[in-house]
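Per-chain numbering from 1; labels A, B and C assigned in written order.
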Amino acid sequence: MNIVDLITIPLQYPFMVKAIVVSSVVGAVCALLSCFLILKGWSLLGDAISHAVLPGVVLAYIIGIPFSVGGFIFALLAVLLIGSIKTHTKIKEDAVMGIVFTTLFALGLILISRTVSSIDLMHVLFGYVLGISDVAAWYTIGVSAVVAAIILTFRRTLLLFCFDPTHMQSVGVSAKFIHYFLLVLLAVTITASLQTVGIILVIAMLITPGSTAFLLTKRFPVMLVIASVVSVVSSVVGAYASYYLDVSTGGAIVFFQGCVFLGAFAFSVIRSHRKKNTSVVSV
Amino acid sequence: MNKKIIISIVVVAISIMLSWVFLVSRDADREKQNTDTRLTVLSTFTVISDMVREVGGEKVEAISLTKPGVEIHGYEPTPGDLVRASRADIIFDNGLNLELWAQKLYTSISNVPHVTISEGIEVVPIAEGAYKDKPNPHAWMSPKQALVYVENIRKALTEVSPEDEAYFAERARIYSEKIKALDIQLRESISKIPEAQRYLTTCEGAFSYLAKDYGMKELYLWAINDESQGSPQQIAYVVDQVKKNTIPAIFCESTVEPKIQEEVVRESGSRMGGVLYVDSLSGADGPAPTYLALLTHTVETIVNGLRGL
Amino acid sequence: MYAIELHNVSVEYQDRMGLENASIQIPEGTFSGVIGMNGAGKSTLFKVIMGLVRPTSGSVLVDQKTPLQAQKEGVVAYVPQNELVDWDFPVSVYDVVMMGRFGLQNIFRTPRAEDHAQVMNALEKVGMKEYRDRQIGELSGGQKKRVFVARALAHGADILLLDEPFAGVDAKSEHALTELLLTLKQAGKTIILSTHELTSLSEYCDHVALIKKTVVAYGPTTEVFTRDNVTQTFDGAMHRIKFSA
């Protein structure tokens, strides 16, 4: 078997093509977001929002509206709750996030146990990369493209917000507005991708690529590029590996991402070690 | 000293990558073209697959998507499963909300026909919980309903391969006779349990059809494996009932972690009567390698447990 | 003309008072030192001037305008405390100074030729031009400060607020920084800095504000920076300080 076959064989199957394309697109937009999230110290927020949408999904099912709408409403609710509890108490933000998302997730579990449904609502969160319908694929790709375009257009504003919101406010741009603007982008991305690629993949994609890129560069534009490339490559390699090894596709993608991070970590340790040695010599 | 850590990290990373590449190439070699002329019939789980093997004989290659011993309610198909599914001539599922993931499978593979083989059975509804009044999916646990399954399989196979109509019909007839014979045998062994002791206490409410057929009363921790925890009230109810009726043995299924049932044992003073097979066959060397063996072994375990043998 | 005017300003937080009935009038083109103990209200005073905190009562004028109007016109620039900046952030010296142009750019914040020119100009003034491509964490304490002063210059602000600029800065860099600030004062900027460093305050500050929940005293250093006033502000005796009277 030659290398061309190795690449083209999985592509004969539409489900593989969709899995690769959708997880790459979601991976790219999540990677962009992850750069801002890890710099702002909001990494856990992706995790929190992903879980907090559960009651929204169940209620959406009961009322009969699309899952993403219900999920989105609860994502916003979670964000507002976290924000207001944090400003009115001295409890640290990570604890507040933990309280809010577990409570909302639990509400979701309670609602599920009281809802008669012909589908497994819990599994909406565990979207299945290999079972993406065409409609869902286009929806996710469309939303991701819009979010990515917005992030790239306003990247300088978002960066300043992460770096120095006080300065931003002092020149008359509302830091609070940008705060919620970024949160809404995050909520939209999560609700649009949960159903297709699933919760584990979304959480990992919102943290790992940005962290990997952070280890490798000190330039923000480069960081955006590295994060996106790492994320897309992980999606593609992970999907291929899952095909040939016959293992869970989402699992393979996340695992590969983790391996890349580990590689970047080793590289950065070696680099700083070497730098230290040479600087000692030069003195 | 720091160097050692770095080197070990690098070694681990490289070996992960290498083993990955190695596995990929090895798996790639294994791919071979199928020159077989048999029908490829994919079933969602081992029980159906065994029935297909019986009806289809040497004219079909019966494959099960889930392996023996795997929990089928919440399964997630791998890419390999999807590849096998897309090469199949026909896919059989149980339906009745048993394998909800099959719908996701059909989203990915729209060009392979699929048949729900529980079509036309006498449905027993789920009695309680979130899925109340929905059909209980475990209809194959009644030999009587299994005959409907066999008939559906025969029809579907005949449709795909009309030239083998007579062959399938003959095999289906023989298989149905065996099932009917087993039905009589099972009824007889259950009748040996004193009537007051005929309580079938399990983890999942998967035995409604069996209990109904053979006049047993049913107790279970949860109605269907999707919720998989059992509400506190339900567990308390089971404990009370087991105590009140001094039920000598309670059971759990092969695909379920028996932790809660062990708790019921501790609280009620009953004992674990053994492992029942329902959602999955065992491996070839296990006690339930075929559907008929599954029924025989499960009923035997129940009877032995309740008679205190 | 006054750069800053506060009349009877009180700020009430949820659990405590930030400022109580504070009044101060800071003339344009002066160099004022704001001193007081931790929690005395120095940060609150700065926030009020920047329009980040709205007073519960009293009135504030910044360059004859409301703080919000002054924000929009970019009148005030702020140099944060070293410890409030994330020095690992992946931005270069040049990037940070470019942030000074933020309020003057269009909504996409795309730098134009004018912006680049102003950034280089500001870097030149603070003597940080050759460090422009460094990541901000790779600078000494004094250099870090100068980058943020350059940001304020790129911003074109007339009023500079510096929060504890001498914390974590060695004596030599401190001297260089005050020289820089004095040059800016000469150019007509109003400089206001908060500090714990009382020893050499009188050498560069022409005005001093003593803060203890309110403005205890404000005026030319020679008149206000007295042992009595400082003792009252700091609840105790101060050593090694060169007082004016």
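Definition applied: a residue touches a chain if its C-beta (ideal position, glycine included) is under 8 Å from a C-beta of that chain, and two chains touch if they have at least 3 such contacts.
Computed from a predicted model, the values in this text were never measured in an experiment.
Trainee: Classify the inter-chain contact topology: is it line, ring, star, complete, or other?
Mentor: Looks like a simple chain-to-chain line, open at both ends.
Trainee: Relative to the centroid of every protein C-alpha atom displayed, which chain's own C-alpha centroid is closest?
Mentor: A
Trainee: So which chain is farthest from subunit C, going by the mean of the CA atoms in each chain?
Mentor: So the farthest one, by centre of C-alpha atoms, is B.
Trainee: Roughly how far is subunit A from subunit C, going centre to centre by Cα mean, in whole Å?
Mentor: Those two chain centres are 39 Å apart.
Trainee: Between subunit A and subunit B, what is the separation of their C-alpha centroids in Å?
Mentor: Spacing between the chain centres: roughly 36 Å.
Trainee: Any idea how many Å lie between the Cα centroids of subunit B and subunit C?
Mentor: Once rounded, the distance between the two centres reads 73 Å.
Trainee: Mind pulling the subunit C residues that touch 2 or more other chains?
Mentor: In subunit C, no residue touches at least two other chains, as defined above.
Trainee: Which positions in subunit B are in touch with at least two other chains?
Mentor: none
Trainee: Could you list, by residue number, the parts of subunit C that touch subunit A in their complex?
Mentor: That would be residues 14, 50-52, 68, 71-74, 76-78, 80, 84-86, 89-92, 95-96, 99, 102-103, 108-110, 135, 151, 155 of subunit C.
Trainee: Can you list the residues on subunit A that touch subunit C in the complex?
Mentor: Interface residues on subunit A, with respect to subunit C: 39, 88, 153-154, 156-157, 159-160, 162-164, 166-173, 214, 217-220, 222-223.
Trainee: For the complex, which residues does subunit A have touching subunit B?
Mentor: Per the touch definition, subunit A meets subunit B at residues 1, 5-6, 9-10, 13-16, 18-19, 112-120, 122-123, 126, 128, 130-133, 239-249, 259, 262-263, 265-266, 269-270, 273.
Trainee: Over in the complex, which subunit B residues touch subunit A? Could you list them?
Mentor: Its residues touching subunit A are 2-3, 5-6, 9-10, 12-13, 16-17, 20, 23-25, 27-29, 31, 74, 76-83, 86, 97, 100-101, 103-105, 107-109, 129-134, 226-227, 231.
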